[in-house]
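Each chain gets a letter, A, B, C, D and E, in the order it is written, and its residues are counted from 1.
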Amino acid sequence: MKTDELLINMGPVHPSTHGVLRFKLTMDGEIIKKCEIVMGYLHRGTEKLGEMKTYMQFVPYTDRLDYISAFPNNYAYVKAVEELAGIEVPLRAEYIRVLTLELNRIVNHLVMLGSLLLDLGASTMIMYGFRERENALALFDMLCGARMTFNYIKPGGVREDMPEGFIPKLNEFINDMDKRIDDYEQLISGNEIFMGRMKGIGVMSAQDAINYGMTGPSLRGHGVNYDIRKLEPYSVYPDLDFKVCVRNEGDSFARYMVRIDEMRESLHILRQVVDAMPPAKPASLAKYGIAPMTGVPTAVSTYFPRIFTPPPGEVYSRIEAPKGELGFYIVSDGTIKPYRIKIRSPSFCNLTAIPKMVEGLMIPDLIAAFGTIDVVLGDVDR
Amino acid sequence: MEKGGFRVDPLTIDTTKIKFTKKQPVTALDKLNDTGLISTVLAAREREGLILFSTIDQIFNWARLSSLWPVTSGLACCAIEMMATAMAHHDVARFGMEIFRASPRQADLMFVAGTVTKRMAPRVKKLYEMMPDPKWVISVGSCANTGGPYIESYCVLKGVDLIIPVDVYIPGCPPRPEAWIYGIIQLREKIKNQGYGAKWGLNK
Amino acid sequence: MNPAEELKQLFPDSVVSVGFQIKKPLAIIKKEDLLNVAKKVKEMGFDNLSVITGIDYRDRFEVVYNFFSYTKKQNLVLKVILDHNNPEVSSLASIWKVADWLERETYDLVGITFGGHPNLKRILLPDGWIGHPLRKDYDMNVDQFVTVGEDGEDIVSTDGTNLLRR
Amino acid sequence: MLFLAMWTGDIMFANAYELIVFILNFIGIYEPINNIFKTLGIEYVLRIIIVFVEIAVLFVFALLTIMFLTWMERKVVAMVQARYGPMVTGPRGLLQPVMDGVKLIGKEDIIPAKADRWVFTLAPFLVFIPALLIFIPLPFGESLIISDLNVGLLYIIAISAVSPIAILLAGWASNNKYSLMGAMRAVAQDISYTIPLALSAIAIVLFTGSLSTVDIVTAQNGTWFGFIPKWFIFLQPLGFILFLIASIAEMGRIPFDFQESEQELVAGFFTEYSGMKFAMFFLAEYAHLFSVSAIVVTLFLGGWSFPYISLLPAALVPLVSLGVFLVKTYAVIFFAMWLRDTVPRVRIDQLLNLGWKIMIPLALLNLLVTGFLLTVGVF
Amino acid sequence: MAWITKNWGMVGIIKGLIVTMKHILRVGNRPTVTVQYPYQKMKVSPRFRGLHAVDEDACIGCGICEVNCPNGTIQIVKHKTRWYPQVNIGMCLFCGLCVDVCPMNAMKMTGNYELADYTRESLVYGPDRLLFNKEVKQ
């Protein structure tokens, strides 16, 4: 019997593509023969805009790359600029930065868990995930006055010091979160249907995964013990005690479990950060409106000129963002605007592995594997 | 600037044309109460034509404004806040809007939530055309309103109202879920005041 | 001895110069020999190709490859300098799979051709887009519009009458 | 006199028609009306009128139930997810389903250009009408049954086998790949789950020796040792679990909602439907939810019967039994909703594996063991 | 036996059902978290970046905010006799750079987020809607 191949277009507007991505699937019945990814539906030309803005004006644009975890984007860009210009940052600012980074890692993984389970058909987890996310966003709102697009980490420090009553609320959140993660594990991890959907799906060897450029938690699910926070320590991570979460199976379930472990680890880091937070200097000028751009050094930012021109040069600087290796390649020609900004986004490189990963699987498996890769389209298309 | 058929160039808007419409209910709560069953049906008295028909119209209008099913079409950052709006803390289900239909055939309302790139624009337009009448569009966030942060970019459409008619604009980048719900309340207000034929092109 | 100097010893002819890119060893390679050097680099344990950056310097193009080794925990930067008229360099997609998309992206936005690439077409912008946006001479004033054809593929034109209202 | 007899005695009626006739008699208007028709020579007209009244009541009941179920679904989801659910439209959002219905009536009805016009229009009716037809042999309470068919169970299984055909028609006529895939999946699922459903129901028939739903319920009257109700769930625990899983698959709900499976196939076989036609699929889904739960209750949870229900005065029994039946049915529905909010969806091949490789052999084994034990005389 | 309990014992599903039942019954710090927006309002932090406000007396119309705005949201226009910023919040990023750079601390961002409107033109907030007077307020 001769059968025809069926061509299915999933997307760009499809409930489970996390935005606007398109899969061109060549199907044999329910089996995927070939998967081609078409992207660019959210290509906004951020890199070109970077050449048209000053160094300070580009910070808000980094918020909108990976819009679920904006703090790491801010920080990766700011770190590159600071490396380029050789700026020292006060210790308190570094601690605040790490605090926000780890908090944002939890938020990112919550959203990822929720949308993964929503794609698998369980609508409840996303509500629980967003419930806790909302608590974290209240903290962000308190800290920097926005819920998703923060523009908080600036070259030379952070925008403002922590407000009154922030640390107690943070502690409340941390303690609450412990129990919530137990709830999630009880709800999802042991579920037979969930395991049946995830175990042995989207398997890839560690060699392949590295070759396909996967990074971050997705790679750690393949048994590669790697974390930029350990390998190239930045900020105050060398002073903090944490372990790298690795799973060896290399399937969707392992990638999911790495996320759960990382949330616990982030809580552990947050506790240490709260304990080790240097006290705010007295006579801090960090009142509203007096921020790094006015050039006045405060407890959380060094002197930073209003017209900032870094020396000519090139830098590639990267951090461990919640989704993987996030790097900024900045070329400066000594003017107030960068000559070229290249964003190495984790989602883009992780996505390269999908066509290989899903060959011979079915559409539901594609959704499961795609969910565990954890892609944000703003980050893919930039 | 008429190039490319742009109706309004956001950079050079003539400020003299701006009019302020006086709205009777001021706060969000007033507006919500103003779109209740009784006040919606009583609004039939202010309409022209037979009171019976306009009353039936108003009942239909109330049904429409109280069960707006959005189509699942997140484009960018604002889509995450759209999800947050539907989630437990803000719970847009209170307005009967939690049924996010994946198929535009069954939806009444489209949130254009995020940057409309040149490449996405024909798809957004097609999605809108696939929706059955009566249908409404809410443009959310700076990107969809005017192009916002990416207004100087080479591949971003400068406002979604260039391709489809927009009923309510919600500013914010992205707007808070509360701002989102306020926009929904504004749309309810608009639906309340519209005639049965207004969307169908029968009268007016 | 850092990996860039190692490369200089192995390929004295191919490596033009070695240096540092803010603490990261940098080697500038002749563009003809890139593939050979890259194979050696892979053997040296640089299994992760982080990023490929194409830069338009108005008189020349530069392509920068950032490598990282999970086994040795070292960085390495390779740089290739290309003509402005005919920017072409051999593709690394056969060695690192991730280079496939990174090179397509560089081709799309900067307009550098990668010889031997299996599927070199635009990735972020639709096929038929005029110009490469990240070149410095890209004309930002040309409005290009996209419409969808019968088969679901994009058609680019400068005429937006089908798309825009009124 | 009659009232007293009913109060104390145990008059039972075969179906609701007889009950209505009895009530009319009791009020004393049945004879006069009947005489009028008799003199006209068209006495069957009264019969038809009564039947129509019955059907109208059933239809209204079904629609109200469906509306209540949509509201309940949204509220249960909200409870699980730590929120409120519909609040603004009507008190606690009770008017929400009504307004959804009114709105859907006022929507534009789109028939896609490439669709098969007649089949596309016919399919929603073919889904909706059988969903209501299943209500006919359901014993809502003592005497409260439209028609006590002697092949009741067979009828239910046969009627529910119509919906796959209609779904296939809908999916095919839409001329959309997602619709077609959704329809194919739905049909594969329905066929593979009707078999374990029927097999585990037959084990019940072995006990009762009758396919009539009324007989099945009356067989479950009474208690063992005075406190354990004589429900078949205690005799057939395996059969109950199999039947429950199969019936959730029949309803097409998470974890087995392949007909819709929003994240994979947009909206399954009704992707292209809008307006009232879409509403019909929606209504049929909830009608199915109710009727299948009612069948679970009838077969395994004792239907309207309840320990010591016979001690009640006979006049109250129809009402009380109706209440008991609804409570049990809503408990099963609540379980289905609760399960829906907890678990993810299984994959289509896992679903078929579960159906063919595990549930059918188990159902056959269950049937064999039951038959053997009955022959030996254990029960 | 272990295989059966692992794969078909449904222990995990029952555990999950227990978690959701705990939520239904609101046991153990799992309350309804919904803030019913128009009836109750969530507390917005004092740093929240909403609609702009310009101090009428302090603003000198220098245009630093206009220069520093990433995408040209702010324009300096004439209002009565002096020059003030006009903000098109339809394209604003709400990044707060204008507040940071204001040399006179005249630019503020309020907690007002109820800005939805029916036309694109009404999203342009001229000085007449942005200005506030400190003395009047006190």
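Going forward, a residue touches a chain if its C-beta (ideal position, glycine included) is under 8 Å from a C-beta of that chain, and two chains touch if they have at least 3 such contacts.
Everything numeric here is computed off the predicted structure, so don't read it as measured data.
Trainee: Stepping chain to touching chain, what's the minimum from chain A to chain D?
Mentor: 1
Trainee: If you take the mean of the Cα atoms for each chain, which one ends up farthest from chain C?
Mentor: Taking each chain's C-alpha mean as its centre, the farthest from chain C is D.
Trainee: Using mean Cα positions as chain centres, tell me which chain lies farthest from chain E.
Mentor: Computed centres place D farthest from chain E.
Trainee: So using the touch definition from the top, which pair is joined by more C-beta contacts, B-C or B-D?
Mentor: B-D
Trainee: If you average the CA atoms of chain D and of chain E, how far apart do the two points sit, in angstrom?
Mentor: 49
Trainee: Nearest whole angstrom, what separates the Cα centre of chain C from the Cα centre of chain E?
Mentor: 39
Trainee: Whole-Å distance, chain B centre to chain E centre, using C-alpha means?
Mentor: Whole-Å distance between the two chain centres: 19.
Trainee: Could you please state the distance in Å, as a whole number, between where the Cα atoms of chain C are centred and where those of chain D are centred?
Mentor: Each chain's C-alpha centroid was found; their separation is 63 Å.
Trainee: Multi-chain contacts in chain E: which residues touch at least two other chains?
Mentor: If we look for residues of chain E contacting two or more partner chains, we find 8, 13, 16, 19-20, 32-34, 36, 44, 70, 93-95.
Trainee: Could you list which residues of chain A touch at least two other chains?
Mentor: 14-15, 40, 43, 45, 48, 60-61, 124, 127-128, 131, 134, 149, 187, 191, 193-194, 196, in rising order.
Trainee: Would you mind listing the residues of chain B that make contact with two or more other chains?
Mentor: 32, 87-89, 91, 94, 102, 119, 123, 149-150, 152, 154-155, 161, 173, 176 - these are the residues of chain B that touch more than one other chain.
Trainee: Would you mind giving me the full set of chain pairs in touch?
Mentor: Once each pair is checked, the touching ones are A-B, A-C, A-D, A-E, B-C, B-D, B-E, D-E.
Trainee: Using the touch definition up top, name the residues of chain B that touch chain C in the complex.
Mentor: 3-5, 7, 118-119, 121-123, 125-126, 152, 154-155, 161-165
Trainee: Inside the complex, what are the residues of chain C that reach chain A?
Mentor: For this pair, the touching residues of chain C are 21-22, 24, 47-51, 53, 55-56, 64, 66, 70, 73, 77, 96-98, 100-102, 105, 109, 122-126, 133-134, 138, 152.
Trainee: Which residues of chain A touch chain B once you look at their complex with the stated criterion?
Mentor: For this pair, the touching residues of chain A are 12-15, 19-20, 40-46, 48-49, 52, 60-61, 64, 67-68, 111, 126-128, 130-131, 133-134, 137, 147-149, 377-378.
Trainee: Considering only the defined contacts, which chain E positions touch chain B in the complex?
Mentor: Result: residues 32-39, 41-42, 44, 70-72, 77, 86, 88-95, 113-124, 126 of chain E touch chain B.
Trainee: Show me the residue ranges of chain A that touch chain D in the complex, using the header's touch definition.
Mentor: Listed in rising order, the residues of chain A that touch chain D are 6, 8, 14-16, 30, 117-124, 127-128, 131, 187, 191, 193-194, 196-197, 362-365, 367.
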